[in-house]
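Attaching a single structure in structure tokens format; questions to follow.
To keep things simple, chains are lettered A, B, C and D as they appear, and every chain counts its residues starting from 1.
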Amino acid sequence: MIQFDNATKRYNEGYEALSQVSFHINPGEMVFLTGHSGAGKSTLLKLVACIEKPTRGQVIVNGVNIGRLWKRSIPYLRRKIGIIFQNHQLLNDRTVFDNVALPMIIQGVSHKEVGRRVRAALDKVGLLSKEKLYPITLSGGEQQRVGIARAIVNKPPIILADEPTGNLDPDLSKEIMELFQIFNQVGVSILIASHDIDLITKMNHRILTLEAGKLIRDGK
Amino acid sequence: MIQFDNATKRYNEGYEALSQVSFHINPGEMVFLTGHSGAGKSTLLKLVACIEKPTRGQVIVNGVNIGRLWKRSIPYLRRKIGIIFQNHQLLNDRTVFDNVALPMIIQGVSHKEVGRRVRAALDKVGLLSKEKLYPITLSGGEQQRVGIARAIVNKPPIILADEPTGNLDPDLSKEIMELFQIFNQVGVSILIASHDIDLITKMNHRILTLEAGKLIRDGK
Amino acid sequence: MAEVHSKKKNNQITHTSIKGKTISYFIRHIQVFLFTLGTICRSPFASLMTTAVIGIALALPAGLHLILKNFEAVTANWDGAAQISLFLKKDISEEKVQKLTTDIAAMDEIENVSYISADMAMEEFKKHSGFGSSLDALDNNPLPDVLVIKPAIHSSSPEKIQRLMAKFRKNGMVDIAQLDMEWIKRLYSIMDVVRDGIWIAAALLAVAVLLVVGNTIRLDIQNKKEEILINKLIGATDVFIRRPFLYTGFWYGIIGGAIAFTLITVSIFILSDSINNLSGLYGSSFTISGLGISGLFILLITGLGLGLSGSWIAVGRHLKQIEPS
Amino acid sequence: MAEVHSKKKNNQITHTSIKGKTISYFIRHIQVFLFTLGTICRSPFASLMTTAVIGIALALPAGLHLILKNFEAVTANWDGAAQISLFLKKDISEEKVQKLTTDIAAMDEIENVSYISADMAMEEFKKHSGFGSSLDALDNNPLPDVLVIKPAIHSSSPEKIQRLMAKFRKNGMVDIAQLDMEWIKRLYSIMDVVRDGIWIAAALLAVAVLLVVGNTIRLDIQNKKEEILINKLIGATDVFIRRPFLYTGFWYGIIGGAIAFTLITVSIFILSDSINNLSGLYGSSFTISGLGISGLFILLITGLGLGLSGSWIAVGRHLKQIEPS
């Protein structure tokens, strides 16, 4: 599903954020990504979502080689990936419902279908009662969950999450991780970057550990 | 330094985010604020910084009653408070140096003085080498530290921090907390909202715990 | 197994795409069409600021053109505007003069010709000059035969008249061909200046409309940078992102055109005093003509075209620059 | 102890404030002044879009005004534009006529008077009419004495001329006062229409400049919403936040004025063909006058005023709405 072959990412400034990283995530796998601040976690996720392209090496996502992907084809790859951002990335002038509906609007899903699936997604993250509110009136944790609902509403085969529990209390963090586990059980591949080593070791999934751009550990 | 007397905050939607909260933080004290997601931590900090006003009760900061503060006087209160935001709030079109210099530019500090103090602040958070970079090229943790540098550059008597270590790895989190402790030792009053109960209990400072807007615990 | 899973998904999407593609394509366009109009209406003050500028910019050349058009209508009505007098040589037989008169009258460029014989001229002169019968003492009439010619309206431009004059002068029977049309030349020169001025003004103002729409859309794009980024991150195509901006430009242009029409109509009302005054001077029953339906139509089309082009340029230039990083 | 600590800080701040207040105030203004200019220069294309629209909007009424002004200068030069012929009554003594001539010549409204006595007229007539010496047979000269009067330039408006005519007609010696000035009336009426049109155009375009600057600043403010919020959060006063926007409006206006000046100068160059043509027709050595330094100055001041007002309005309306929450 996600395959890195000696992938290297060097930013314009000459700094090598990822060096020769190789790993393979199978469909239906749930994998954690950890490492110190600046290790390259976000960079790795950006390569998967084709936000950045590898300087050297190959990144293959859902059978598509990111390095050779046409600009015009990028949107169609991204529709297969649900991304949860570190800083929510919600639109403050749209209601919770509209924010979650966005990926389906983009794909031109019919009005009725949108309503049904948005509510299902909001129900899963426990925010069905807040669909009419604006993100600004929600607490940090609630906003994070809106972001998760938006990422899953399309039932994408891949979910990426960049520190999805960074701003949540321990109980809620555990809940959200369990939510990811449920998606994983229905066959979705999940890659989560996180600092919360205690939590992720308890989850007992494969963990990729980065250090200064190098993959130094790959296992449970 | 910071005094809450039965302070209640009810948002327009009718939801009571804080109910009758009373406490007193002395000058030079370092206090943690914790509680579940949506407990009202950010709301409490917003009251201190006069971003919101209490619906009932009193909030007195640095001898000033927030509820009765003139709009014109708010800037002068805020200059006495260094605020560290959950989502950094950096300007992406300015360099790290310029971002940190902002509070001093606002107060019309002389050019030479600005350079000296910005570099001192960046040195304290270990980012002196990155002063010419733009925030977008920094990792999450580095951005967070730029935010901290900006908050302390003016040597304010009060520092507020809303989950300053949410996106940092455990080592860096500890480092940053120790940084706050150093500021505290030179007499600055510090109030930090955080989820990281393990870390803050280890720090051995006073902890305020909120639950659904009520202060349910106040002590070490 | 997972490959199969993913394949299956692909097929599903392709299937529904083909089925409802055209219908949903149009529905989406209409949605954006109405959505952008709704957005414009929801912030009427802000939208008015943009559309009013477009309206003003469109109104000015249209208004000037209208004034010129009316002006030309007035001047076309001026009787005797250009009158040519042909003083014939002496001792030409009556028949020859008669023939010349009918020949000239038959010309396409000529409206009418009147023949004033030397005898008639003498009679007139006797009556009006005060010399009276004392002129009877003259041996022979010193006055020439004269043909007074009025050119047709379509041939009264200075160049055409000059061509006509040259033709007459070549005629052997004509002694002097005289034309009092200096002031017509002047008038046409003035109108030339006005016309040139209108072209310059119209070109400048068309540029202004493009710039205003382009600028507004550009700032709109910058304003929605975050929204665009998020949309791109969750898989929106460039076409999808571009569409609302183009429709916004479309609406700005159309509304601007409508405002221009209103402004001109009001201005005509304000100007009508001066114009009636002008018209009265020529004793004409001239009434100023407004833009009419066709004018409204042209204004709307022009506005639409400029609005769409402006937003197209802005979108082309600025949308590409916004990419997630 | 902490109270003391905070008091001390307060005192320090107050102390330095008083000391360097005025100097640092001016330095900050100059900084913002140059900073906003720098910002404008760093994105020349975007700035040009705004300033060009302002330039165009300012150029049009100024250009029209200039054309009108030049036009009036031309018409003022027209010799014999309004010529009054006074046909005097018969049998008035030579001295009386002489006195009338000098009286009229002394009038403020009159440029010059020429006296054509009946005898002189008869001579002329004999020479040119072809009747020759046959007129010697007349008993007495039937022609009247004529005074040909040219009014001064400052008195050649239709109303003033009419007043003059009325005066002459009341004079007992004058038989007929005749004036060929219909076309002057027409010209003045046309100029009236043009003048009214210019005022409407100028008013509309002034509004357009206000709107363009206001709109640009409004979108600029929305664009910098995040920056404004952060500045407010770290203790910026409203004055501090407002300042760069006002200076930006200031620069837009000034640059727009300069662009207007350039546009007009270029347009005059383009129009000069038509205008020389016009001027040639009157045999005058007239050369078109540009805006000159004073015109540039007025354009810059107008641009500045409108730019500053536009940004002031936008800032007043929109800055308050941005508050952290």
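Definition applied: a residue touches a chain if its C-beta (ideal position, glycine included) is under 8 Å from a C-beta of that chain, and two chains touch if they have at least 3 such contacts.
Quick caveat, the model's predicted, so the values are computed rather than measured.
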Farthest CA centroid from subunit B: chain C
Approximately how many whole Å separate the CA-defined centres of subunit B and subunit C?
-> 65
Calculate how many whole Å lie between the centre of subunit A and the centre of subunit B, each centre taken as the average of the chain's C-alpha atoms.
-> 29
At what distance in angstrom does the C-alpha mean of subunit D lie from that of subunit C?
-> 25
Whole-Å gap separating subunit B and subunit D, where each centre is the average of the chain's CA atoms = 59
Check each residue of subunit A and list the ones that touch at least two other chains.
-> none
Multi-partner residues of subunit D (at least 2 other chains) = 325
When you draw the chains as points and link the ones that touch, which shape shows up: line, ring, star, complete, or other?
-> ring
Interchain contacts (touch definition) - all pairs | A-B, A-C, B-D, C-D
So in the complex, which bits of subunit C are touching subunit A?
-> 1-3, 5-6, 9, 20, 24-25, 28, 226-227, 229-238, 240, 324-325
In the complex of these two chains, what residues of subunit A are touching subunit B?
-> 11, 13, 34-39, 42, 86-88, 133, 137, 139-142, 163, 166-173, 195, 197-198
Subunit C-facing residues of subunit A, complex = 1, 26-28, 46, 49, 51-52, 62-63, 72, 75-81, 83, 85, 89-91, 102-103, 106-108, 110, 150, 157, 187, 189
Enumerate the contact residues on subunit C facing subunit D in the complex.
-> 46, 49-50, 52-53, 56-57, 59-60, 63-64, 67, 71, 129-132, 134-135, 137-139, 142-143, 182-183, 185-186, 189-190, 192-193, 196-197, 200-201, 204-205, 207-208, 211-212, 214-216, 218-220, 222-223, 263, 267, 270-271, 274-275, 277-278, 281-282
